[in-house]
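Mind having a look at this structure? Questions to follow.
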Amino acid sequence: MSEGYFIEDLAEGMSASFAKTITEADITLFVGISGDTNPLHIDEDYAKATRFGSRIAHGMLSAGLISAVLGTRLPGPGAIYMSQTMRFRAPVRPGDTVKATATVTVIDRAKKRVTLACEAHVGATLVLDGEAMVMVPSRAAPPAGS
Amino acid sequence: MSEGYFIEDLAEGMSASFAKTITEADITLFVGISGDTNPLHIDEDYAKATRFGSRIAHGMLSAGLISAVLGTRLPGPGAIYMSQTMRFRAPVRPGDTVKATATVTVIDRAKKRVTLACEAHVGATLVLDGEAMVMVPSRAAPPAGS
Amino acid sequence: MSEGYFIEDLAEGMSASFAKTITEADITLFVGISGDTNPLHIDEDYAKATRFGSRIAHGMLSAGLISAVLGTRLPGPGAIYMSQTMRFRAPVRPGDTVKATATVTVIDRAKKRVTLACEAHVGATLVLDGEAMVMVPSRAAPPAGS
Amino acid sequence: MSEGYFIEDLAEGMSASFAKTITEADITLFVGISGDTNPLHIDEDYAKATRFGSRIAHGMLSAGLISAVLGTRLPGPGAIYMSQTMRFRAPVRPGDTVKATATVTVIDRAKKRVTLACEAHVGATLVLDGEAMVMVPSRAAPPAGS
């Protein structure tokens, strides 16, 4: 039933990406679903007086693209998201296109756990990096119900 | 210009929360802004055959409530989000009310950095925990432009 | 260029309505565009302990339907919204269908101003009432640019 | 359970604000949730021939920021919105940052009702003013269920 990779099919160094342009609409919608009304994201008069000089997107919007890579491409459906670390490296502004990339770094076949290095860039600028750990189904012992 | 706490005003053990009911609309909108079309979140036929038994919300939706606490309450506006770790402990389903809480654990006044323990619960069930690090403005040396 | 009524075409007692079902999605989106994160609208655990017993929609969502009647039907495009009073009479819950109605009560042809009685109902229950004043273009002296 | 002010804690002259930049996305989403398709808000060809010269935001978007101040800051959660008057003084355009302010003017402790003067500005320009009345919980006799 899984549409994603089984753990037997993964190898260190495998990589996948997902990119999306972050719009004003994305910010408004993220405010609605998260309740995060930090003025840095929604109040231009406030934001222009900060070090950023204008409104920036919520860091969790870039994190959402990491989630998209993991949940749809590598390992894809069937994997269980266990943990994520992230460092916010540089601001993302409305209109920026964020490219999120995940690369397999460690495969623990006994525990069916995979570690992926995660990065998000706007052009050549690193805006977020961190590490994800996911549990991936095995062909030998697929999850109950699959 | 900051509307949030200055580092001089923070103390270990200070805590704040933000709660929100996660709805079907939130899931739809998160798909729209992130592109995360993992069937576990949007395909009931798929989800009911998994260990979860029905669709679950994206983990990053709960993470968004952590962002809301940090960005609006503690430390609040003026803080810069530097990093976040998170472990996804239990699923969140449409209709669940998630309460996110952040508690100050370490204050590094020299570097103006604050560490907060972060948790999200649905009722008594821990659904997410982790640690945030933020940079907080100082009364003694407010950020340039403030 | 106006697609709505000219003041010469209006008569006291003319009435128009617009109805819409208020959904969870409407509430999420209103939070996003307004920043109104009052827990009465987004936190079921909070709301169920209040007099309302569950989450209710923002009053301004019903007010939006009044705006829709005035801006699209009576008097319709070309009218300028000058003022609105509103009393919130009863709660609106997700899933309720709100019907907003505006009725012409006073026409001041000299000043080109029209007063309308405004009501919004869920079934037989009045949820909002008030009064709108709009400026309406005249056939005799259409607005510059029209 | 209330997170906002009790009536005993309010004093005449207390004031709070909330600001947000109004974007194209906000207008689109307000059309979606209200059904207000007045061409003045969504049809640039139409709007440029009017006195406004370009599309303007719905007045109820600025009203939404008033709702945000009352519902989240002053008096904040626990207050019941009873009525609102508003005069639309000047247009708001996409990209404008609207700052809404509410100031306590009258406190009726016997009836637990508070009147607030409400204003919204874009820079120095008044775009909306009016008056709100809310019912505020009392420490002496908190609302049933609180």
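For reference, chains read A, B, C and D in written order, and residue numbers begin at 1 within each chain.
Simple rule for what comes next: a contact is a pair of C-beta atoms (placed from the backbone, for glycine too) under 8 Å apart; a residue touches a chain by one contact, two chains touch by 3 or more.
In this text the structure is predicted, and so the values were computed from the model without any measurement.
Q: Based on mean C-alpha positions, I'd like to know which chain lies farthest from subunit A.
A: C
Q: Matching residue numbers in more than half of the contact pairs is the bar here; say which of A-C, A-D or A-B clears it relative to B-C.
A: A-D
Q: With contacts counted as defined, which of the two, A-D or C-D, has more C-beta pairs across the interface?
A: It is C-D, judged by the count of C-beta pairs in contact.
Q: As a multiple of 5 degrees, what angle does the CA superposition of subunit B onto its copy subunit C give?
A: So the angle, rounded to a multiple of 5, is 120 degrees.
Q: Between subunit A and subunit D, what distance separates the C-alpha centroids? Give it in angstrom.
A: Subunit A and subunit D have C-alpha centres separated by 35 Å.
Q: Distance-wise, how many Å sit between the C-alpha centres of subunit C and subunit D, to the nearest whole number?
A: So the centroids are 15 Å from each other.
Q: If you look at subunit A, which of its residues touch at least two other chains?
A: Where subunit A meets two or more other chains at a single residue, that happens at 25, 28-30, 32-33, 35, 37, 39, 42, 46.
Q: Pull out all the chain pairs that touch, please.
A: A-B, A-C, A-D, B-C, C-D
Q: How about subunit C: which of its residues touch subunit A in the complex?
A: Result: residues 28-33, 35, 37, 42 of subunit C touch subunit A.
Q: How about subunit A: which of its residues touch subunit B in the complex?
A: Touch residues, subunit A against subunit B: 1, 3, 18, 20, 25-26, 29-30, 32-41, 46, 49-51, 53, 58-61, 63-65, 67-68, 71-72, 76-77, 80-88, 130, 143-146.
Q: Any idea which subunit B residues touch subunit C in the complex?
A: For this pair, the touching residues of subunit B are 18-21, 23-26, 28-29, 68, 95, 97, 99.
Q: Taking the complex as given, what residues does subunit A use to touch subunit D?
A: Those in contact with subunit D are residues 23-25, 27-29, 37, 39, 42-46, 55.
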